[in-house]
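Shared between the two complexes below is subunit A, which pairs with subunit B and subunit C, respectively.
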Partner chain A sequence: MTQDDIRTAFIEELTKIAPDIAAEDIGETDHIQDDLGLDSMDVLNLVTALHQRLGVDIPEPDYPRIATLSDAVPYLAAKGAGS
Partner chain B sequence: MAKRNTVGPASVGDFGSGPWAAARDLIDAPAGSVNIAHEAVDRHVLSGHGGDRAMLWLGKDGTRRDLSYADLADAAARFAAVLAAHGLTTGDSVFSLTGRVPELYAAALGTLKAGMVFTPLFSAFGPEPIRTRMEIGAANALVTTVPLYKRKIAPWRDQIPSLKLILIVGDEAPEGCVALGPAMAAASPDFETVRTGPEDPALVHFTSGTTGKPKGVVHVHNAVLYHAFSGCEALDLTPGTVYWCTADPGWVTGTSYGIVAPLVNRVMMIVDEAEFDLERWYATVERERVEVWYSAPTAIRMMMRSGAEIADRYDFSSLRFLASVGEPLNPEAVVWSEKVFGRPFHDNWWQTETGGIMIANRPGSTVKPGSMGQAMPGIEAAIVERTDGHLRTLGDGEVGELALRPGWPSMMRAYLHEQARYDKCFLDGWYLSGDLAMRDGDGYFWFVGRADDLIKTSGHLVGPFEVESALIEHDAVAEAGVIGIPDEAAGEIVKAYVTLNPGFTADEALERDIRGHARKRLGPAVAPRAVVFRNTLPKTRSGKIMRRLLKARELGLPEGDISTLESDET
Partner chain C sequence: MGVFALPSLGSDMDAGTLVEWLVSPGDTVHRGDAVAVIETQKGAIEIECFEDGTVQALLAETGKELPVGAPLAMILAPGESAADEEPEPISAVPEPTPAVPVAEPLPAPAAVSRGAAIEASPAARRRALDLGVDLAALTGSFPGGRIVLADVEAVATRTPTSVPAKPPSAMEEMRKAIGSAMSRSKRTIPHFYLSQSIDVQPAMDWLTAHNAGTPPADRILLGALFVRAAVRAATKVKVMNGHYGDQGFEPAKSVNAGVAVALRGGGLVAPALMDAERLGLRETMAGMRDLVSRARAGRLSNSEMTRGTITISSLGETGAEAMTGVIYPPQVALVCLGAPQVRPWVIGDGIVPRQVVTLTLCADHRVSDGRQAARYIAEFTAAITDPESI
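Then we have the complex of A and B:
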């Protein structure tokens, strides 16, 4: 899975959980909670969704590492997303 | 403003006798006046404790800011002066909509100091709940931030005729608003505290109703007596204690026990601007040597999920007392916390209406995991049943409605402009909580469920009506029924059942669009996490959607009495 695929997957799962956000409005460094308005339940749901879709296990202490698109993509890639 | 009522406490301003006579010594109340801001801050400065630390503020970005009692007193006085300079007067209504920033605390204390009434709103609310609450509370002033103002307030601010002043945290403000930073810098720090009477309104907190609009729960200045008392008795707050209440002041816990009770008891409060972040929280407890920690089951369950291994890396030896509120804390979490932190979380129970902790696993008493604890000293609690317009008190082990004998100082005095709804809370001299519970032979109470359709999600009450109203504003939605379904992390999550208007097709895209619409209106804390489609919803003969039936079916429970069912779900 390329970084672009991971990126697409991340955006799709994020907008599924928070359909009030349009994919094109998500900036590279937008914080999913502070800027995009997700709450902690949304974050838990995102972690679960990414796990199901990409087979990546994201432990609780790593949650800050998926807080922005620019952090999440390399992090998920390094964890072997989709492989 | 608030209409007084005689159904509730009659003579709480009289400290002379009864269980609260001793608590009277916990506050100053100069010349019979009671002002929460004076009791929380000014009197400590006057008695030589101005240099004591009142607050350590932790910014999201790692900033740390220490505020002494003298600093808080100064900020409160300046804030009060800003309100007065803009023509606001005693009894006016000041709302806040901000994250946990120092200005929020200055606003709360400054408003009270000026004899005005403070209403904090949760900043994650969407524009709809904010507007409804500001309309009901007839807001005269609002304290908020630029992003929140632009996203949630600006489009409709002109439609709230009472709103005279919008203060914006920071140094710059959009047109028609006032920047709070320069205004406070220019204001006098010598504002004289308004001598409010014990029964003058101080705080209005909103809580959800099953039907109709949210209720504005009115609390008076004399509530501070109970905040002082319960802060010591239920949370072991003593002068100098390093205390961290993780609740947001947008909810009653974050005000009663995140501002008033700790400051009255002269503790050092930790205020963290950031949301729950496991390692940040653990590191904060370790680094700041937190002694008393008051949190909520949702957060505690998230800690549990992450396991004991991460917790093992931190030093929790400073912790002396742990408490939890918002919804029942499951027994496993109590046992787990004892293992990991060396102390169990002590569950306690209260409501927006009660203003303070009513039932608690108190310091020094035996914790019964899964129980909310025993009635606080001076509080009479019972399990009752309504029969023929009267109450019957039930015995130990029987399930009924949890009721309290009114009279403690922090009991609500009114629902704003809703006398009939207020009166309905009382019967035969008891306040009826709407919670079902059971008392055991040792006097410990055990939560069973809600007696009504209110949803408890992440510790907050959500009224199904408010959610349904937002859903049917979507073009596609004809009818909506909203219930809470059990969830491991949040206790319950909000789920909606909707029927569609002709011409719309039930599919994934529409489901998302409806959820997106609801989130925009209501914010993520209130909007449904799941929306399902139905052809029809179960309704009574009078056309009311039977949420109870939706829930029973969702959970596979007995359907109970369905004699009023007119048309069923398909």
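Then we have the complex of A and C:
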């Protein structure tokens, strides 16, 4: 899975959990909680969705590493997303 | 045969716009089935049927604003025949307020109802309503065919519409609904408040250990422990759980725990987790996940919006340390929880840093006093400091 695929997956799962956010409005460095307004339940739903879709289990201490698109994509790639 | 009328939509929401039928004449319905979607000031709500039967006729058209009590459909009881009488919807309900389009029964509404829900995001629904775009005519671009905001706007920019000057935005409508419910609450409910700082370190340690070895789908949040503890306390201190109506306070038999969900862009809803006293911690967490996702997707039901018996409002895992809230009528208590803060705490002879949460119980003085409120807080504290027991 390429970094572009991971980016697409991340954006799709994020906009499923937050249907009122448009994909094109998500900036590279937007923080999913501080800027996009996700709460802790939304973050857990995102982690769950990424686990199911990419096979990457993100432990709680690592939640900050998926807080922005620009952090999440390399993190998920390094964890072997989709492989 | 009975007229199925628009039920209550929650405090101070006395009207809504019918946006979609989920059933057609001839369909069999059961108690609790969603039959229609009503757009309210607080987003779209699914309206549930009260009884079993067969839909004989739909009495209201989509796109029309309807007051609570307006006839929606004729429903035949099981075994009843449709042949006999012509429905007389108007005589069966109280005189509706003006501007109600109490229509003749609609003709076989193939075009109106498709029997299946249109999958659309709340933002798309609102925009479509504002712009007068028919969602049924759109093809969703989202995976699975779901209609999103961009699909509505794409059509709207192509099609010149006769949009009224500037309709109030969905946000303005929601602020109006919240303002009116909260003004009524402050005007009629003599609030009083008791607060306590609670050491939640045991609860947070327990959660960290539990979640470390658990796949994401089974992880639990502090908010679920709070709801569980609040529900347990409500089963023990019954004057905090129920509705205050014309006959005074009526304690509720079960605990329908309202969970305040902040919506992005502002506003909030507090749908209820029904019969929460029967749910264990895992089921409580699953129920809350489901409520939050449906609150985001605009798919809550009218019973969830109206049957809460006590509300829990938690500021989440980061943020301000305390909140004093406004009771959601006709309820009589609101449990407010600030975000956990690291604070010096005395344990034995020592002072240690601990995660501390401030609970503020807002209660109705017509129903209870400080002593009962203190007891509620003590029950909550006992539960949250012994997370194993929840």
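Basically, the second predicted complex is superposed on the first by the 83 of 83 C-alpha atoms of A that agree within 3 Å, B and C clash if a C-alpha of one lies under 4 Å from a C-alpha of the other, contacts with A are read in each partner's own complex, and residues count from 1 in each chain.
The rule is short, and it goes like this: a residue touches a chain if its C-beta (ideal position, glycine included) is under 8 Å from a C-beta of that chain, and two chains touch if they have at least 3 such contacts.
Note that the coordinates shown come from a computational prediction; the quantities given were computed from them, not determined experimentally.
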{"item": "Subunit B versus subunit C as contact partner of A:Asp20, first or second or both or neither", "value": "both"}
{"item": "First (subunit B), second (subunit C), both or neither touched by A:Ser40", "value": "both"}
{"item": "Partner chain(s) touched by A:Pro64 [first = subunit B, second = subunit C, both, neither]", "value": "first"}
{"item": "First (subunit B), second (subunit C), both or neither touched by A:Thr8", "value": "neither"}
{"item": "Shared contact residues on subunit A - subunit B and subunit C", "value": "15, 18-21, 37, 39-42, 44-45, 59-60"}
{"item": "Touching residues (chain side subunit B, partner subunit A) in the complex", "value": "60, 124, 275-279, 298, 302, 305-306, 310, 457-458, 489-490, 493, 512-513, 515-517, 519-520, 523-525, 529"}
{"item": "Subunit C - residues contacting subunit A, complex", "value": "121-123, 142-143, 148-150, 208, 211-212, 215-217, 219, 221-223, 262, 264-265, 288-289, 292-293, 296-297, 316-317"}
{"item": "Residue ranges of subunit A touching subunit C (in the complex, touch as defined)", "value": "12, 15, 17-22, 36-37, 39-42, 44-45, 47-48, 51-52, 57-60"}
{"item": "Subunit A to subunit B touching residues, read off their complex", "value": "15-16, 18-21, 33-34, 37-42, 44-45, 59-61, 63-64"}
